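In the two complexes that follow, subunit A is the common piece, with subunit B as its partner first and subunit C second.
So, the complex of A and B:
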């Protein structure tokens, strides 16, 4: 069971949240100009690292806020991401 | 390889079981192989077996970082079935069932296939619609999948006694008679023994740490036991697909998530069929041949490589199990585990070439135990011939850039 640090509500139980995937994903500014492969890479591929990953989480059953954390996918250690560093 | 038979059993029984030969050798790795398979689970060992048997390629090594079948082959719930939604999925999974039902004979190794049948409870009109759609697709490919009335469900599962105040009343079920349970360890061991007998080197405690390439083609693998040259490399590493593929810079449309399961103490036979509660998104349970009640649910809701699960899944699965089988509340849990699933974006297996020549991947998909023999056979075909097997033509990575995804809702670990 993870305790997720919501920047608004503080640490809350993981079941209140939805993990919304990797945060380093950047939508191409002009999708029409992309190759099929590059567009598919944006849509479907993930880095899926064994180790620290920066993720979006959504406090859906709480304040409904979206925020980022750094989470280790092996130890489950969580570090909040400062708002200003995004 | 000395064949197992009633006579070998009798002979060894009379000599106190002291003279059974080892089931496979443990050779030191050679300097060079035609094909190196990364991952000594069911998929990797099976691919090596089919490479040797069907394509005559025997200069093959299977590299395993731990012990054989110690990954997801030893961490599933033993269930094999072919109730799927899409026309690209059903024949592939049917081939897997066909192979499972004949492999004990081919491998001369008892996989203990137990054809229990699977009943999925229908508890909503949406589930009813999906079941009918699946049944129609499956009938086209000759797979039996039929609707059961509530009375038929009760007849098949006497211990199921629906109370009138269930939160989601059971309206009936849908039944695949050919769904089976297979002894999972035996799949790895049987393939290993048969592959070894055909000359495949199985090398345990040998972790791949890097992949060497030249001019866009693989030339070998760096391992904890030194450099091993290879013309072709097949990746069959459930739960570590992104890690190994990143060694050649290949990004994959997968996330790695734990799938938990747990078993009770053994009890007398009470449950013949494999039962799925709350339809395709729900809890499944079965009674093993040893008598344990095995329970599982969908995978954990976020990526993790930790080989352990999160508690809300256990709580949720137990709640839905007790609503249907209140008497199971008296059972004591014995063991609990989690396997790491590499879940493709669309939930279907990926058996594919990559951007690096000579590097092939087999990503098992959501719940790769049921696909083991079919994936192994088609993966061996792809490695040997460099073109996909007819039944795996649509399973390549190209489907993600062409947009021709094979969306599967009927998988054990839904996105």
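So, the complex of A and C:
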């Protein structure tokens, strides 16, 4: 059971969250300009690295905030990601 | 009765009666089932798994491999270790894996067939032919214990706990670490497996700070427990060490009498593992016979329970531990026939202890056999001068100590083989796990206490000289026998059965065979021979397996490596994992305000997605499901029905960019939807496949109310919330799930308006109230939002109302509708009405390939919009073209045909070949309106095949059918607009 640092609620048990995949998969701003390959890559592929990966997590059973963390897939070490000012 | 008159922690004033395998016995308060059986001279407690050899108690703790029992008196609990079951009045237990009895087990014939059951027997024998044929026989013979048939009467709970430090084990080192940490002001939690603190000092006499060790520990424990920053649990086993320093522990029989067990989820910053070590067996022929026990266990039974397992003992050892027990054995009246020591020489201390107790020692000797089948009669051994025998009724052996590195290993820590102590000890650390004392391979008490103080000071980076804790001096110990071991393996090709895994019946021969068959990795040998894979998880036998393999491979133990320990350390009951979440609480069912009314009015309830249960149909006396559905559907088509639509998901979207958001979410446009109107919308996934549909109303310029399918509500909410928070963070929209705020009831059918007209209302129901309009007002004084939405294809009013008023309004509507024959309608009926109308249901017709064009919903896709979720993927579909499966209607030739959902659609010519699969039935029913069977399906190129014949091929039967448009009733939709 990981302990996930929610920027709003603080550290909480993993069971309160949903991991929503890799954060660098950003929806293209103009999908129609994408080649078929690039679009398929966006839809279906993750990099799934052995090591640090930046992920989206959703605190669905808490404050419902979406936020990013860096998680090491080997050690499960987690580093919070500074949120850019919106 | 072999019970000493004095000593032990049992309460001789409180005798307890219990039954084992049908026979009545007596023990005392403070006994375990194992100690009570021992005091009653019960030697055979079970049978081994494969050969069904008689087995007796081997150990005194959770590592026990033999004495597994089924506890019948307290619920029906299988596979409990008798060494861990506290005795109580009326306890009733049985051996597992024996038939018909432990003493006379018919399947012991396996023992004579042993040459037929080598390692990998099952893999080799049952390869050919049909597994299901063999499995009937194997299943009957396999399995330890019996699954309970009754509901578990025990009650359980789960709790979370956060602490700075968790100390696992309240032996001397754990307590010393806790003292130092508590002094430094940290929050400390101490959990200990046994009933009272003390660890191995409960069984061994040693002095700490000039007082008996066990007193030193209990005094420290009493002081610690009083502190505000200390939480202390006895009878609590840490079963696993998980990510981010979460340790899960099971507390047995907590003080609260209604609980059997409590599961603790403990999140600690650091974890001190002071779990000690367990003794490991020596490997010799007959080492599994009842009456052959581990030396330390025997000392424990004597010291703690005053239970003595024999009168005359031969001790067999390769290390110093057994010498410390000689006095204990003698004091208990056991005659010591001699110590057979595998080593070539003894230390001064060992020699001194032996001569003090006047015990003959034979060095350089090894046991070659144990006499007696169901009770020990003697041993044969070999020394420098040849083969000899000794008579005895008890053999105590000690092969050294295994540090309990399980938790350390769960945490991700490595282990390494330490030559000097001949043990696997903690190596490279992971997470915040720190092992001390026996668990760290530090077998000297004095060293262990020093280690405890040092680690405790180091944990939070404090220097040992500036914290208050450094004032706590390391306690001084006396009376220890320093640990010496010389690991000497049995010769290769040992004759007779020498066991390395008692529970799974793995012998030295099995290990040799596995290596001969070229299993090299220890992980493979383990799986092939099943060594270490039984309930005891190889706690005592694993190092022996590794040692033997290294010997067979002529490699160092270090290079053979070790298997990974995985949770749980000890078996965990399903009950405690479930906690309170059992029965109806596993997944609490969601209800609507009408649920009670529905049940009271005879609804057959059914699962309806999103944890709702709702009426399936409302059978009247004597009605079959088909009858009830036909009656309900006919009412909707000819007069009036009422339907509880509360489970639908409802979201409120509010903010200046809401119209833009909806434009991007749906395939069609919502920015041009007039206020006061609703519009049907279709939502796709980004891959262009059907996701959800529903009607969205525009409440005012910037506020919309969206409805979606019951089962999809959670996914739709996540979808929108994700886009708003991660992709389109510039859009100013609030998303609020208001599903639980509203209740919804649909009054549908040609008489629906007449029913509503009977109610006092400020809403005009004249033709100006058009299809897909909504109006706010009151019905009989109750505020409502009335909408003209139809899920049935009939004139229909959806009444949305605050939950608290819902039931009242529902009964008013039922009363008002009586004269028009208003009929409550269940979900099965609405399914039939949907199929008749050919309304696409993404959950049925959408099969993760279907796009809106396939579903005949191209009319709702506005490809001129700059972008919407799914558009890019639809463009690809359109560009690729090709043959796709389309939604079609199917009219079977046999108008009463029973068609199952999922039946295959085959071309008409290929009825028998079952090849040429062209699609499948997505929904089928008997239509009470059309008086025939109708179906929807996905069919290859279906839109151009209306009028063609296909074969509907189900598991049971097949029938020809005509392909049609997927709308069977009122294709122009005039009725619902009326």
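FYI, the second predicted complex is superposed on the first by the 84 of 86 C-alpha atoms of A that agree within 3 Å, B and C clash if a C-alpha of one lies under 4 Å from a C-alpha of the other, contacts with A are read in each partner's own complex, and residues count from 1 in each chain.
Here is the rule we use: a residue touches a chain if its C-beta (ideal position, glycine included) is under 8 Å from a C-beta of that chain, and two chains touch if they have at least 3 such contacts.
Note that this is a predicted model, so its numbers are computed, not measured.
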Let me test your reading of the model: by the given contact rule, A:36 touches which partner, first (subunit B), second (subunit C), both or neither? both
Thinking of the overlay built on chain A, is A:24 touched by subunit B (first), by subunit C (second), by both, or by neither? neither
- Have a look at where A:76 lands relative to subunit B and subunit C in the superposition and call it first, second, both or neither. both
Subject >> Contacts of A:65 with subunit B and subunit C, given as first, second, both or neither >> reply: second
So, does A:1 touch the first partner subunit B, the second partner subunit C, both, or neither? both
Going through subunit A, the residues touched by subunit B and also by subunit C turn out to be 1-2, 18, 36, 39, 43, 75-76
Touching subunit A in the complex, subunit C uses residues 160, 242-244, 246, 265, 267, 412, 430, 686-687, 718, 721-722, 725-727, 729, 867, 871-873, 875-876
Within the complex, subunit A is touched by subunit B residues 240-243, 246, 251-256, 301-306, 310-312, 345, 400-403
The residues of subunit A that touch subunit C in their complex are 1-3, 13, 18, 20, 23, 26-27, 30-32, 34, 36, 39, 43, 56, 58, 60, 64-66, 75-76, 78, 86
Given the complex, residues on subunit A that touch subunit B span 1-2, 14-15, 18-19, 36-37, 39-41, 43-50, 53, 55, 73-76
